[in-house]
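Below you'll find a set of structures to go through.
The following pair of complexes shares a single chain, subunit A, combined with subunit B in the former and subunit C in the latter.
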Partner chain A sequence: MTKADEFMSSARRGLVRVAPLILFGLIWHIICATGLVNKDFLPAPGAVAAALADLFKGGEITKNLTITLFRAAVGLVLGAACGIWIGVMMARSRHFREYVTPIVGGTYSLPKSALIPLFALWFGIGNVTAIAAVFLACLLPMIVNTYHGVVTTPKVLVWSAEALGTGERELWPRIFIRNALPDIFTGLRIALGFSFVLAISAEMIASTNGIGKLIFMYGENGNYDYMFAGIACMVIVAFLADRVLVILTKRLLVWHESAVTEPETRRR
Partner chain B sequence: MNSAEVRTDAFAWRSAVSILLFIALWEIAARIHVAPAILLPPFSIVAAQLWHSTLDGTLAADLSISLARAFCGLALATGGGVVLGLLMARNRTIEWLVDPLVALGFPSPKIAFIPIFILWFGIESLSKVLLVTFACVFPVIIGTYSAARAVSRQFIWSALSLGSNRFSLFLHVILPACYPRIFTTFRIVVPVGLITTFTAEMVAGGGGMGATLIYSQRFFESPTVFAYIVVMLAVGLVVDAVMRRFQNRFLRWAEG
Partner chain C sequence: MLDLVRPKIEIRGVSKTYASEHGPVLALRGTDLTVNEGEFVSIVGPSGCGKSTLLYVVGGFLAADGEVAVDGAPIKGPGTDRGVVFQEYALFPWLTVHDNIAFGLERQGLVASEREKIVSRLVGVIGLAGFEKRYPRELSGGMKQRVAIARTLARDPAILLLDEPFGALDAQTREIMQDELLRIWLETRKTVLMVTHDVTEAVYLSNRICVMSARPGQIIEEFTVSLDRGRPREELVVSEQFNSIRNRVWLSVRRQALVAGERNDES
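== the complex of A and B ==
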């Protein structure tokens, strides 16, 4: 197959996949155009698109989206770094594991958004509260997945490395962490989803800016086309972030079998 | 006593020490005024408040409202998600139609949709129940879909050649084969349902654990804030323990 053919076939496949979404938009448009539901209840897709364009032109979206993404990203990075460290420590030291496990288990099932009012009390309204909530939500899946990945390292790999003269210090980065990488990326994908949810929740509950606040404010003021535009923007951003992470994971884990088998099981 | 029992004993002992140490540190830190009492009330006062809320029935009322919302939403999500997942696995048109919506909906932060749900379904229970449904339905669809795709062809062919029709094929072959996977997904989705309920109540009010939590915070009733957080933590732990027990008892056959 030539490059052009390949491009055409992948373009066609993309179109087939997107077609239901276009169909969905069309039905939405027809429902609104025929006046089947009140315009205030469900603004037409055209009106939402116009509102989105207006928000971009006025800079409201870019400004608030940057704030939200900043909070989500800082919380995610801190949570991932600490989570990986705690996960590795739990796998390394039995004592550490036995003391930490009940605390991890307890906070794992705690709805993290319940802490937002508490953080608001402690840190006031704004960045720190949102970042702390995102941090804690991202920390737990990272700990659990890192620990699982390190603990399930096949003995054969460790023995072979040792037989070939790898020292105790070398063993960690070269064998254990590397074996845990697929699990770490799984945890990262979960944490990425949490980071958006917690950042938006924190903004709705205790913030004066950010996209969560923006959406909520438009809802309370009755600017429903702008509210829908904000939500649509958030859905697209979350979708793209997830895609980028999946593609990145595949690139980085080409050597691992999970990167090869996944697409085949989907298209059977 | 064999060594395995000794190990679990030591483990339970260290866990207890760890939790008691945490509570003791909390109490001491609060008593020596590391932070003002409004930011960090001592554990004993929080426990007293918890006892008080239990006695006067406010806690039970809030908890039952929240749990009813969460589990109504979860039931709808599981029912709808299983049906959609099965249909997607067996029918190409439905798969083509629903797959992109699931792909777009799965990673989206569902809590952002709460203003839409309030607009459409009011600020009472209905909007929260449906938001929980919306938040939980995508993992159920994906879990059921991939479980149903993995059902061995032999089972399906055998059932068809023994004369079962499409409906009983679904009901007696494909669905039972998916049970373990559906239950695993359910276990993942229950915390999502609880979190969504609590958050929705915090944002929109209308009674329940989340609403009381946020009111207490606004009026700086810190012991109530802490007591409610402790209860939410306990709810999460208890629900997960119950499900694990259920899984061990009824889905043993799926292991082998």
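== the complex of A and C ==
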């Protein structure tokens, strides 16, 4: 294949990827242009883009986005760190597991956003409430995935390591945690999604700033162009963050089966 | 021959009970076996007879009643004196071929230059030069098992414990690997205890074959194999000597398999 061919094929792949988005925008635009729905409830893509540009110009988006990302990131990092630690401890100690399992099981399917009013009562309006909500939401998938990754370590790997002179303490960093890494990254991807959900929800309920507050405020005031702009901005940021994590995971886990093969749809 | 026979592994009255959903299962009952230094001993028997369990007990991975001694000293858990090769390769998937082989050497605390010397020699021995940077998922079954053997040999254990090492390979690869193992054993004369369900493999490789009974496992019959290892495989396996012992071992295993089968029918 020549350079030009390569360029063409990668360009075609890129086009295939954005095609659905373009189509989506087009349908959206047509619906608005034909007046099928009230323009106040569904602003046209052009109007949203204009609002987004306006928000960027005024610095409003950048300022609030930084705040939201800060809350999401701090909660995610703390939740991930604690979640990994708790997951490992659950696998290491039976006593610890017996204490923690009912709590994890009981809170796993609880929608963490239900706790935001409670956190607001305890921690007030602002950073701490949002971070606490993100933290709790990220904690559980990290615990569950880390624990699963550690306890599914094949016995023969542990035995092989022992027969090659690995001591009990060294088994943790060299075998158990390594084996759990793919699961930990799966947990991290789930947690990343939760971190945005909870940061935005907390801001809508208990904050004076952040993208969540911005979206909520514009919605309340009936500035739907701007509300949509806020939502669009968040969608883009969340998508980019997820892609970055996926690429990072592939880089770090080159050894893992899932690193090479994208899930393929069945042919015929 | 003036070989001084010295017991390397002594298994005395080893019993092992597993907990299962249907209550405790006796896997081994009072098993005795002595493997002498430099000997290649195979354990064959019907599936589920506890032969792998016995190997894991000798490896120190499973606790059991009775006594296992190496060089006269009772074992306390796993040790680098006993290298293990498992059927499912058990390579560390997050390490390259090179790093898998070097794993034990790092634990040993060898300096990098010494390590590199040993690793590159073993990569040559297993014929995988050029594959050092590959990860296990990029290797075929035969290549993986070669790496597993090299990783175990790197620590230079006095004893090799092989748990159906070629059971997951196709017939052709299996024969090639058997020849390689035989060559390595003839060169190093390590003490080998191998578990297999392949009678031909056992006869081809071992000095001595122990047949294990249906569960609870016990060694019920022993066959000494004295074949001329210098002869090529195609000549050896068609020889009358080879086949007469193969048939006797096969009949012995079959009797046990039938016993095990009847018991399964009853339950």
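Rule of thumb we're sticking to: the second predicted complex is superposed on the first by the 258 of 268 C-alpha atoms of A that agree within 3 Å, B and C clash if a C-alpha of one lies under 4 Å from a C-alpha of the other, contacts with A are read in each partner's own complex, and residues count from 1 in each chain.
Just so we're on the same page, a contact is a pair of C-beta atoms (placed from the backbone, for glycine too) under 8 Å apart; a residue touches a chain by one contact, two chains touch by 3 or more.
Worth saying up front: this structure is predicted, and the values here are computed from it rather than measured.
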Inset, instruction - Mind checking the superposed model to see whether subunit B and subunit C fit together on subunit A or clash? - result: fit
Inset, instruction - Classify the contacts of A:R178 with the two partner chains as first (subunit B alone), second (subunit C alone), both, or neither. - result: second
Inset, instruction - Can you pull out the angle centred on subunit A between the C-alpha centres of subunit B and subunit C, to the nearest 10°? - result: 90
Legend entry - Which partner, subunit B or subunit C, touches more subunit A residues: B
Inset, instruction - Check the residue A:L55 against both partner chains and state whether it touches subunit B (first), subunit C (second), both, or neither. - result: neither
Inset, instruction - Check whether A:I84 is in contact with subunit B, with subunit C, with both or with neither, and answer first, second, both or neither. - result: neither
Inset, instruction - Would you sort A:I143 into first (subunit B), second (subunit C), both or neither based on which partner it touches? - result: neither
Legend entry - Contacts of A:E162 with subunit B and subunit C, given as first, second, both or neither: second
Inset, instruction - Quick one: classify A:I116 as touching subunit B (first), subunit C (second), both or neither. - result: first
Inset, instruction - Quick one: classify A:H256 as touching subunit B (first), subunit C (second), both or neither. - result: second
Inset, instruction - Name the contact category of A:V134: first (subunit B only), second (subunit C only), both, or neither. - result: neither
Legend entry - CA minimum distance (subunit B, subunit C), superposed complexes, angstrom: 6
Legend entry - Residue ranges of subunit A touching subunit B (in the complex, touch as defined): 16-21, 23-24, 41, 95, 98-103, 105-118, 120-122, 193, 196-197, 200-201, 204-205, 211-212, 215-216, 218-220, 224, 227-228, 230-231, 234-235, 238-239, 241-242, 265, 268
Legend entry - Interface residues, subunit C side, partner subunit A - complex: 56, 59-61, 77-80, 82-84, 86, 88, 90, 92-96, 103-104, 107-108, 135-137, 151-152, 155, 157
Legend entry - subunit A contact footprint on subunit B (complex, rising order): 10-11, 14-19, 22, 35, 38-39, 96-101, 103-105, 107-116, 118-120, 146, 149, 191, 194-195, 198-199, 202-203, 210, 213-214, 216-217, 220, 222, 225-226, 228-229, 232-233, 236-237, 239-240
Inset, instruction - Mind listing the subunit A positions that touch subunit C in their complex? - result: 154-157, 159-166, 170, 175, 178-179, 181, 253-257
